[in-house]
Amino acid sequence: MNLTTSPNAQQLLSKTQTFIKEHILPIEQELLANAHHQGPDWKNWTIDPRVEQLKDKAKEMGLWNLFLPGTEHGLSNIDYAPIAEATGWSLLAPEIFNCNAPDSGNMEVLWKYGSEEQKEQWLQPLLDGKIRSAFCMTEPEVASSDATNMQATITDNGDTIILNGRKWWSSGIGHPDCKVTIFMGLSNPEAGRHQQHSMVLVPLDSPGVTVERMLPVFGAYDAPYGHGEVVFDNVELPKSAVIAGLGRGFEIAQGRLGPGRIHHCMRLLGAAERALELMIKRSLDRNAFGKPLANLGGNRDIIANARIDIDMARLLTLKTASILDDVGVFGAMSEVSQIKVVTPTVACRVIDQAMQLFGGMGLSNDTVLTGLYAYARILRLADGPDEVHRGLVARLELRKYK
Amino acid sequence: MNLTTSPNAQQLLSKTQTFIKEHILPIEQELLANAHHQGPDWKNWTIDPRVEQLKDKAKEMGLWNLFLPGTEHGLSNIDYAPIAEATGWSLLAPEIFNCNAPDSGNMEVLWKYGSEEQKEQWLQPLLDGKIRSAFCMTEPEVASSDATNMQATITDNGDTIILNGRKWWSSGIGHPDCKVTIFMGLSNPEAGRHQQHSMVLVPLDSPGVTVERMLPVFGAYDAPYGHGEVVFDNVELPKSAVIAGLGRGFEIAQGRLGPGRIHHCMRLLGAAERALELMIKRSLDRNAFGKPLANLGGNRDIIANARIDIDMARLLTLKTASILDDVGVFGAMSEVSQIKVVTPTVACRVIDQAMQLFGGMGLSNDTVLTGLYAYARILRLADGPDEVHRGLVARLELRKYK
Amino acid sequence: MNLTTSPNAQQLLSKTQTFIKEHILPIEQELLANAHHQGPDWKNWTIDPRVEQLKDKAKEMGLWNLFLPGTEHGLSNIDYAPIAEATGWSLLAPEIFNCNAPDSGNMEVLWKYGSEEQKEQWLQPLLDGKIRSAFCMTEPEVASSDATNMQATITDNGDTIILNGRKWWSSGIGHPDCKVTIFMGLSNPEAGRHQQHSMVLVPLDSPGVTVERMLPVFGAYDAPYGHGEVVFDNVELPKSAVIAGLGRGFEIAQGRLGPGRIHHCMRLLGAAERALELMIKRSLDRNAFGKPLANLGGNRDIIANARIDIDMARLLTLKTASILDDVGVFGAMSEVSQIKVVTPTVACRVIDQAMQLFGGMGLSNDTVLTGLYAYARILRLADGPDEVHRGLVARLELRKYK
Amino acid sequence: MNLTTSPNAQQLLSKTQTFIKEHILPIEQELLANAHHQGPDWKNWTIDPRVEQLKDKAKEMGLWNLFLPGTEHGLSNIDYAPIAEATGWSLLAPEIFNCNAPDSGNMEVLWKYGSEEQKEQWLQPLLDGKIRSAFCMTEPEVASSDATNMQATITDNGDTIILNGRKWWSSGIGHPDCKVTIFMGLSNPEAGRHQQHSMVLVPLDSPGVTVERMLPVFGAYDAPYGHGEVVFDNVELPKSAVIAGLGRGFEIAQGRLGPGRIHHCMRLLGAAERALELMIKRSLDRNAFGKPLANLGGNRDIIANARIDIDMARLLTLKTASILDDVGVFGAMSEVSQIKVVTPTVACRVIDQAMQLFGGMGLSNDTVLTGLYAYARILRLADGPDEVHRGLVARLELRKYK
């Protein structure tokens, strides 16, 4: 198992880190504060012009669309993983490098399964960073941990299809540039368990699509992205809006989720590294009872354990990326689930400990910690809750002996 | 050790529970949503008129100021503790029964240490629920875990005193009715380590007092209470504003914190009980993979452990209350710290597990869980971080063998 | 809930503690070492004569059979519980006060369910400490966590019954004075799920009873008690050997296990207290890197958490004892299971941490820690594994909302 | 970072696994039971002749001394690591491949630092598997966590040196073939902190060397190896017995401990894998409440977490091996300590959970679990306790920001 990245990827990593340090971190606190003050009403959300400038700059420097193998700048999973980690240091970074969820996953889906027409209409502007997209899968009425629960419907109407249903946790749908969403629903209820669902491209301005509200995470709305609740009420679309054909939803979903989970996990490790750095600096700078916090009680144990946990989770994620590159997602089913269990938990723990060391400040918005925590916490649910992934890992272990 | 409550207290508990169930829970979600939408600008925060109506109702029913032994309705700690737990079920409840922090602690201080004049001016309106108060102790520039770090000053100026310093995490200071704060600062730097500080009553409209902003917890501003950052710039007050005399700040603080911590801990257990109830109901109502969540994976272990942890933490808190009643706070130093370590941790864990069982909904504001979590999480820091309390418990254990 | 013990019980507790300190602890290390050196061949196991002398002394002082309510010296559960804790400090103590498992449980069964003849033949010598007994329930071939799995049979043969089956983990059966065992087996396979089993008194010298070996726990044989594997091969006994009648095994078992679990749990807390004392003393006496261990790293956190965990588990156990006294075991089903989950886990953790602080010495037999650990670890399985008790607690929680 | 092993190493791994499966596992239970029955008196300990036969066979097959880079069959750390893991499946295996501690470390020391004479006299017979050796470092009177505490002395007596002191936990010293020990003591008390100690080769039959007893671990004596307590009373030796020169003890120790810790950690992962296999098989074969244990409660979570933890710990250990190969132990200080913290903890947890799933049987000697547990538990102390290694990891983290 070779976890070495190519010289090219190392250079890109180094450039990315420098870019973040020089261009993103200095304005991060201000932009996050602005975003935070935009409040729940997403219709008024705006984009700071500096974000677009930085996107242009990233594009110029070749730090653009690195996540998508096969495209101009696209890297393999093992090469891209450390760059994903770097972008996890700041919640602002992924968009600037055009590699944020769910756009990256959507682009991957279109790249692999889209028709020429779909690619032209939606993939190209996404690759160019001109528009943004959402992904509508989770539903309020059913446990999303079991995707076959899905109740939204896609009705075959001859030349057209008709969509109905209510979705939520559609991330990114509040963004002013969000123009399209992938909608997943039940199209073939009579087919086999994993051939019943389809994915459809839905322009957000289609009649019948209503974004009802944004859902906060721990009270924060994550502007300008947002997590939306969306109603699809008899949305009629040409059949060409279906991706790859009716009934192929699960097949597409599975391919999509492998790399996407690696991106999330590596970003979370970047977030954890940042929390660790903040925690260490604080422990050296702040005094109580006549000593720096680093010399009090169990604080060094906390720091050591954080280093160990992060390093182990990273190795597991890199191993997973390497298998994905070598044999594809179906050779890494257990590993993908393993990292999905481990990294959000590690990130939550490390960030929470950093908060504790910062005292009240750590719970406010004066540091990036609460934002990072919300991201890590929601990833214990998004793309499958811990419980489901643990169940999959166990099932594959048991199968070895059956 | 008798943990039985008196028949009178049992009756009051039952009335309180019924009151909460009938009058508070039905309007809770609406009021919390309103509060949440009030955003960070505390100057516009308003009180829902129903809160005042419910306060009147509670007063009429004798469910008022139960926390303060010695007053008309005041109960012993062991009698009040289960009522505190009941009020922990809803973040709205404590104010309605006039027993919320920091008002309850401030009233206690004034009751025990206030001059007649202070009692008339501030205690009476607080007891009547006409005004609210804050407590200014924590400072941004120093580790509050070590209270002797405090840098704010109280200068003796003959007939007056002059206050200077910056405070934050002054809870309740954003409330429209908040009229006064207790300010703690360094007045006698030459005295012994625990005789250097004093407490002063500061009307919020005193020249030189500026509330600069409210601090969010996980992005939520906790309107209409808020956690303020406040500057005291040459605030001049008559010496009669000092509570009990210069140099007695720590003495007062210590007496104040015993019952206050019991209140917090019992409320947290109420919050944990509510989370457990929500979790259980959800686990019975929601299905995945063809079964209610209660029958999947380790969910029953989570429920059982929650029950055990809550019950143990409650017994420890009741024991502490009982010692406080019997021999006072100095006979329960270890126990007070023990419950301060245990209950926020138990509450955080149980609430977090409830969130996980609720999926994305649990992280939004559609349940009370995020609000309860923020309350529990901040209590791992407020009134002394876990680390300091664990240190105290250990010191007292070691002392037995030295 | 009144957890206060009676003045009489307090006096007995004090006497018991003094007795242990003055008479047992001084010879403990020697006796345990002797026991340890007796090895696996139980047929040669002997009793140190000092044990019998101490039993006589305990009898004289009225510290005898305190565990059995209704008998001459018997105390209520709440009164006896702290004495049980005291006896948990030394693995030698319970026998000396005639309150060790399984004899205490067996005496309770005979006291409550035995015929006059059974009482005369077996209960009296047990109460007198002249003989000892075992309890044969667990079987190697089936999961004992589910007692209805039991395969050993009791066949009705008219005037006699015939027993067949293999049992193991029959504690105390290696003791030279062990003369009788209670055997539990399937007698009425057609009856309802909890009316199929019976308990029978089997003299150990009955033809067909073969003790095949003693089972070590972590390599130690726990001489002179031992945990035996026993074969019952067509053992024919008069029907009068049945306790209370065929089909009543589960009914008896359930009554037996309530107080017995309280005894175990309180003894484990005594064991944990002793480990904590050893750990604290060691942490004060031993230096590394120029400081006592107490001042290094997270050791104080460990000590504080041990104190908190022990105190909480004790309160929960006392509460359970109190309910047992007030309303009987069926009013404390959840609580009995709760303490059965919590106290072995707390004891294992605290003892393991004490071992760690002692370094290699802690893993040897030079301290009592390994013996205490083995006792605590086996109690995570004996009398129902953690998993089953957690399951019961959860079921009762869920039932509240169904 | 390339964690791939060479084709040669992969072949050797496969042969080793087959050898263990075909030749060691079938006789393991019998040999371990025999060893267990040998009891505490090491002077009577014997070696089963099959062990010598298997050693010959391993030698023939080229599965001999694989651990020592630079020798005939010696592999790099990354190549040897998976083989070390394979040998961790059975406590019998390491000796059979001549790669058990402390012989492997002693051979490494002699290979790197020994004089020609020392190599001839001691290294060659060790490499040939003709004799065995011990390592005497730990002392009962001082905390070994701080090696500079060591009190045993090495006095320069002109042509000779004189050793005095008491050592314990000298592993392997009970073996009938153990002929020599490396002794570490204080020789140059005036020198710098890490130049005060020396290592000396002491024939076990030297006058003044007395093995006083063997120390049990959880009651088991680990025959025929044993952990001895040894007195050195004016042991006079020629100066040529000193390894590499006086004052170089720490320098040698540090080089020795890098690879040795990797061996221990990989073996522990092998032990954990075996426990996981046993646990899974048991969970499929055993039923309770009408289901296989695998389908009850949180058992699948336990299995999944075990898989994840083992895989992460392995990756971290392989990474450490790879750094050791590339830049030596001083480039892997943090990593060596990280794996020393993580792997014994993971192994203890997984083995303990396997015990729990096996019920009482898991605590007896009927499975290998207790033996594996004792090995894993002692490794939380041997070669530096967790606490010291965590402290080192933290110090290196803090140093990055100082």
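As written, the chain order gives the labels A, B, C and D, with residue 1 at the start of each chain.
Going forward, contacts are C-beta pairs under 8 Å (C-beta built on N, C-alpha and C of every residue); 3 or more make two chains touch, one makes a residue touch a chain.
This structure is a prediction, so every number in the text was calculated from the model and none was measured.
Visitor: Taking contact as defined at the start, I'd like the list of chains shared as neighbours by subunit B and subunit C.
Guide: The common neighbours are A, D.
Visitor: A-D versus B-D: which has more C-beta pairs touching?
Guide: It is A-D, judged by the count of C-beta pairs in contact.
Visitor: Approximately how many whole Å separate the CA-defined centres of subunit A and subunit B?
Guide: The mean C-alpha positions of subunit A and subunit B differ by 37 Å.
Visitor: Averaging only over C-alpha atoms, locate the centres of subunit B and subunit D and give their separation in whole Å.
Guide: 53
Visitor: How many angstrom lie between the CA centroids of subunit A and subunit D, rounded to a whole number?
Guide: Result: the chain centres lie 44 Å from each other.
Visitor: Of all residues in subunit A, which are in touch with two or more distinct other chains?
Guide: Counting only residues that touch two or more other chains, subunit A contributes 297-298, 300-301, 387, 390-391.
Visitor: Could you pull out which subunit D residues touch subunit C in their complex?
Guide: For this pair, the touching residues of subunit D are 36-37, 39-40, 138, 140, 142-146, 149, 168-169, 215-220, 227, 286-289, 293, 296-299, 355-356, 359-361, 363-366, 370, 373-374, 377-378, 380-382, 385-387, 390-391.
Visitor: Quick check on the complex: what are the subunit B residues that touch subunit C?
Guide: Answer in residue numbers: 1-4, 276-277, 280-281, 283-284, 294, 300-301, 303-305, 307-308, 311-313, 315-316, 319, 334, 338, 341-342, 387, 389-391, 393-395, 397-398, 400-402.
Visitor: Flag every residue of subunit A that touches subunit C in the complex, lowest number first.
Guide: Checking each residue of subunit A against subunit C gives 297-298, 300-301.
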